[in-house]
Amino acid sequence: MSGEHLSTVDNGAVAMAAEQRSAGVPDLVARRRRRRGAVWAVRLAAVVVWLVGWQLTATYWIDPFYYSKPTAIWSRLVGWFSHGTAFGSIWTQIAVTLEEAVFGFAIGAVAGVVLGIVLGRARFLAEVAAPFIKAANAVPRIVLASLFIIWFGLGMSSKVATAMVLVFFAVFFNAFQGAREVDRNLVDNARILGASRISVLRTIVVPSATSWIFASLHSAFGFALIGAVVGEFTGADKGLGLLINNAQGTFDSAGIYAGMIVVTVLALVAEWLISTAEKRLLRWRPPAASADVQT
Amino acid sequence: MSGEHLSTVDNGAVAMAAEQRSAGVPDLVARRRRRRGAVWAVRLAAVVVWLVGWQLTATYWIDPFYYSKPTAIWSRLVGWFSHGTAFGSIWTQIAVTLEEAVFGFAIGAVAGVVLGIVLGRARFLAEVAAPFIKAANAVPRIVLASLFIIWFGLGMSSKVATAMVLVFFAVFFNAFQGAREVDRNLVDNARILGASRISVLRTIVVPSATSWIFASLHSAFGFALIGAVVGEFTGADKGLGLLINNAQGTFDSAGIYAGMIVVTVLALVAEWLISTAEKRLLRWRPPAASADVQT
Amino acid sequence: ATGCRDSRDKAGAAGADNHVSIMVGGIDKVIYLPAKLTDQLGYFKQEGLDVKLLTEPAGAQAENVLISGDVQGVVGFYDHTIDLQTKHKCVESVVQMADVPGEVEMVASDKAGQIRSPKDFKGRKLGVTSPGSSTDFLTQYLASKQGLTAADYTTVKAGAGQTFIAAMENGGIDAGMTTDPTVAQLVSTGKGKVLLDMRTEQGTRAALGGLYPSSSLYMDCAYVKAHPQTVQKLANAMVRTLKWIHAHSAEQIAAKMPADYANGGKQLYVQSVKSTIGMFNSDGRMDAGAARNSLKVLGSFSPNVKGKQDTVDLSKTYTTQFVDKAS
Amino acid sequence: MNDPVIELRGATKRFPSGSGPAHTAVRELTMQVAAGEFVAVVGPTGCGKSTTLSLVSGLEPASEGEVLVRGERVRSIPRGVGYMFQNDAILPWRSVLDNVAAGPRYRGASKAAARAKAATWVERVGLAGFAKYYPHQLSGGMRKRVALAQTLVNEPEIMLMDEPFSALDVQTRALMQDELLRLWAGTGAAVVFVTHDLEEAIALADRVVVMTASPATVKGVFAVPLSRPRNVEEVRLTAEFLEIYREVWESLRVEVARAREEASRVG
Amino acid sequence: MNDPVIELRGATKRFPSGSGPAHTAVRELTMQVAAGEFVAVVGPTGCGKSTTLSLVSGLEPASEGEVLVRGERVRSIPRGVGYMFQNDAILPWRSVLDNVAAGPRYRGASKAAARAKAATWVERVGLAGFAKYYPHQLSGGMRKRVALAQTLVNEPEIMLMDEPFSALDVQTRALMQDELLRLWAGTGAAVVFVTHDLEEAIALADRVVVMTASPATVKGVFAVPLSRPRNVEEVRLTAEFLEIYREVWESLRVEVARAREEASRVG
């Protein structure tokens, strides 16, 4: 799951892998499967080593008051999922945070892509807007979160706004750069073939910028979750952020880590969905770049 | 200042601008100067409209208790710079926050670039590491900030760590993608010409990924500042974050905005430096892409 | 102090004798005003101490850095010492500046007709500064005294200051517990009304059936043991401040504080000081009954303390040894 | 000759060149192409042929002088222009068929109509079996043919072609040349055809323009009095052909030598 | 003939092609090139010539069969290989001089030494005046020549060249051909030279390999009994030349026709 983005054929090593690759195509499938197995094995091993190490250290050396320990975190998770939390069912908290993050992600991503591409292609506008956008990007999100609560109230909208802002900037800068990096030849060719400005944008600039945009989307849902959590930290009556905040307030380090784990799992699931979408959209790529066909 | 990054020739509009461009090269310089003038004029106009609008609205309609007003913010800034703040000279606060941000930026950027490029070229490693890195990216920074205080103490290092984390992820994902997007032909050619793996990395992958990396660096210093401020929110005795926090606690909305303005100005200055560096490093680019020579 | 560490052994040892760092749970909060005021009055210096005051807006972080030895003292609510004992951490209050919470249950003006006492909390959205904070516990206690359970109302994290006020103004919360200057601001603008005033002994007894010690300087037990002279000097300075407070008017006190603290409006700040200073005692001494009441209140809600009341040794959560000598 | 469709009057193109003085790629170029005329352009490598085409296409503005299409100054891409670039410009994310269908789509055809039109062109350039391939799966010569189909499917009135057949084997090239002539005949389209292959230039064109070494300007114009329709394979063997070939070759040889000399001297 | 430096034994290359069955680009290709031998490869466009070179270079592994260089199976890039790609692969962020200096630098030369060596090569390909230009400031033919210099500066023992002169004008091409022969003579380097220009193939090579239509395999091998040293301009006019030309042409013509047929049929 979610290994697709952060993974690629080492183009440079293609020939180095020559021997392994010298067989036919069907063989490649088997090999790919085997390699996936190895990847999972190493991942699993890493997790096990880490958890065992943590458990031992926290039992014998460091202070679990700060660092908690895996068994304590596990039992906190079990507790949440079987008995619920201080604020009601854990599923409610997840649903609330997820809803905020999804809306924030959707709005922020769309706004970032659209504005990024438009400014990427409109020089004067971009120059005028540049200092304002950069200035806005430097506003600390936790300050923004309280401003949003003042502006939009304690409800969902203030958290959506915080999530949106984090996503927006992550996506915007990449979409902007992606729109700038478009091969000039392709644009010229399209214009000669009769493309209007809009068509150029739609058929040349957007597809060219796709890998830039996806590069940012991969981390953007994580940002959306962070935004929702930060918003909940600032004021809320439900949500994972509140849960973590409550754990902080009650010296429950296991609760802090458990909350972080839930957030993380959400991010990984979202990431997997995004990677699937990317794979479909970038099917045209040479296999080396999309890590798909060749070993 | 800092208009260089977020600005570009609209490749597609080159021909549309044909008429204006039909003159000789020296003429272009004059035209460029004129256009810069126009950009600044529009920017200035935007700022003036905004400030006047804000002032009027806050005077006649909305509640300056929440929204403050430009004159109040101005006099707060004047006060800080002439009489100092509750925590000492404003310059001390700036120096503290800046130091944290600069260290965090430097460490985070270097780590992000190095790890991004290495993982971008090492497929197996990347696949194994993928879920962990994405998971780490989904950890809310304000939670991290409190963990860092536990791990690293209250001193500068915990703020540097927070800033570093924000910068790292912003840079990492782009460096990673940049390393993946390298033209396979260029790599193959270099290897044929005798390049070792390290040489390929140094002479092909890194230069290719430069525009990706810069795209992320443009927003990264803003993130470093945010990280420092978030860290200061969590516990500090100096810094701009503290100043803003103090303003929040004393109903000083002018102080909140004034603090944000100081942070923003720092970000813009840093951005200007980064743009200058980028311009030098990407001199080889066709002018249309680097927005340098042609109108 | 950098690097990961294990604080179990070294917590008390850190810090040179006359260098003391104190974390204030919101240095600008009026309920913690004696800390900054002592500094402003120069009393720490006069005791030969070099005190660094740090600030941190909400709750639990302060304890973490105290236990880890990054700071030697915390100015915060006494109830944390009880909470921490259940986590096997020994922290004790050495100067107890107030026996009342200094908190006020506010109600939005337009709901004041419907919410006249904690009885009316049913089905309401009640604001607290943060989950797990004293405002949270006191709110739960108030509700439970009326037979309400957590499911009968909604606890909303509303923060303090502008977010709290905005929440109250636009219906995010119906009522909520907070301190000055938020209270003063709400009252002066007419956005909220006082429902229960726990800034006075009388109001506190009425609301909680006893006292509830709040603002205190608490320190790691090991540190107190290892550095009695330093702690004594701190106690001397702070008790002196408490006496100074009692000898001066709100205006005079406000004038001593950094000008920035009145940036929200001088009038407002003076008003906040005026309505809060009543909570401070003049000797820094803990009232044993108040401590017991605190345990009782905590014991009925805090997930950490509930069911462990009997195991808590209150004598380890405070000491009057230093303030006795100071006064 | 009727009114020229394409006219360059003293057109000059300078490129800003980093630090030094501007680089002059084309200098005071004057030439005309009438409707229905096929003009081949030959000249030393790097002299400015591609630059000239880009001036006519409206993609680059002239630094001085005038570029007119149908009597109007070129300010943007003139109507009815088709331009096959010297280097690849096909869309990597579209299949061969969709690449060829791009032009009709841009010009408002429905998806189905555009594809149907594209399919016949894909077949004409001999790629029917590769209609679903993506560009990275094609050989160099195949990509060139995709670009050719992409340009011709629009049936341009003004065709600018920059070494369109250079990556093709002799026979495929001959087939494409025949195809081009067949299509062009009777359409009244004006063609400017850049090539390094003198035989190709003469076999196809009504006039061959020889350019000077950099900066390019017109050195000589040679009319090709061969009758049409021509079969490119056969026409090469005629005496007239060989004579013109010799003439043009002589003119060009001098320029190429000069070009080489200059290139080394500038350094 | 001495021991072959390059040997393909029943080499087959299949490409995974999206959905359908694998695409076979090269099938059971068997050929040998000895040290000091100059082999030209011709064949219909898209037949698999470039793929063959990539097998020898070690950049692509064979799907079946064996590819040997100096008797050893190719697993990575063999020592001493120079490969000039069909399409541009010069570094956009380096000047012409630094592009050419890349090889020596990679192979451990000092910056100064590499540049000095590069400078002579930049001159040889006629770009002395453009040493400081960046690739985007060059014409198509100039870029090709940069790539040529980049390959030759390394003095490879095995030279793989994929249509190196296709973007050059006739005269520059002749000059480059002469230069290539001069350099190669006596070095003992093995050359595999892909071209679409039959005259070029015959004028340069010891043997001409004609490939079949896709999937490529060897259709015929024609020895070129012309004596060396040759002057490429003059050699074209000899009777032997014309005879071989006719032979090769005949062989090739059939294949090209078949290639076209197949391409249309597959679709």
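As written, the chains take the letters A, B, C, D and E, and residue 1 is the first residue of each chain.
Keep this in mind: contacts are C-beta pairs under 8 Å (C-beta built on N, C-alpha and C of every residue); 3 or more make two chains touch, one makes a residue touch a chain.
Computed from a predicted model, the values in this text were never measured in an experiment.
S.K.: Counting one step per pair of touching chains, how few steps separate subunit C from subunit D?
M.R.: So the least number of steps between the two chains is 2.
S.K.: With chain centres set to the mean of the C-alpha atoms, which chain is at the far end from subunit E?
M.R.: Computed centres place C farthest from subunit E.
S.K.: Answer with same or different: of all residue numbers used at the interface between subunit D and subunit E, are over half used by both copies?
M.R.: At the contact between subunit D and subunit E, which are copies of one sequence, the residues are largely the same (over half shared).
S.K.: Of the pairs A-C and A-D, which shows more C-beta pairs in contact?
M.R.: When the contacts at A-C and A-D are counted, A-C has more.
S.K.: Round to the nearest whole Å and give the separation of the Cα centres of subunit A and subunit B.
M.R.: 19
S.K.: Find the geometric centre of each of subunit B and subunit E from their Cα atoms only, then give the gap between the two centres in Å, rounded to an integer.
M.R.: 48
S.K.: Between subunit D and subunit E, tell me the centre distance in angstrom, where each centre is the average of that chain's C-alpha atoms.
M.R.: Measuring from centre to centre gives 26 Å for this pair.
S.K.: Subunit A: which residues touch two or more other chains?
M.R.: In subunit A, 14-15, 66, 146, 150, 188, 191, 233, 248, 286 touch at least two other chains.
S.K.: Which parts of subunit D, given as residue numbers and ranges, touch two or more other chains?
M.R.: Subunit D, residues with two or more chain partners: 18, 59, 77, 87-88, 134.
S.K.: When you check subunit C against every other chain, which residues touch at least two of them?
M.R.: In subunit C, the residues touching two or more other chains are 4, 61, 64, 68, 162, 166.
S.K.: Using the touch definition up top, name the residues of subunit E that touch subunit B in the complex.
M.R.: Going through subunit E, the ones touching subunit B are 57, 59, 77, 81-83, 85, 87-95, 102-103, 106-107, 134, 136, 150-151, 154.
S.K.: Give every residue of subunit A touching subunit D within the complex, in rising order.
M.R.: These residues of subunit A touch subunit D: 183, 185-186, 188-196, 199, 203-204, 207, 210, 282, 284-286.
S.K.: Hey, which residues of subunit C end up touching subunit B in the complex?
M.R.: Where subunit C meets subunit B, its residues are 1-5, 21, 23, 26-29, 52-57, 61-62, 64-65, 68, 70-71, 160-162, 165-166, 181, 185, 189, 258-265, 268-269.
S.K.: Across the complex, what residues on subunit E touch subunit D?
M.R.: Spelled out, the residues of subunit E in touch with subunit D are 15, 17-18, 23, 42-50, 86-88, 122-123, 126-134, 137-142, 145, 163, 166-173, 175, 196-198, 249, 252-253, 256-257, 259-260, 262-267.
S.K.: Show which residues of subunit A lie in contact with subunit C when the two form their complex.
M.R.: My answer: residues 61-63, 65-66, 86-87, 146, 149-150, 153-155, 232-237, 242, 245-252.
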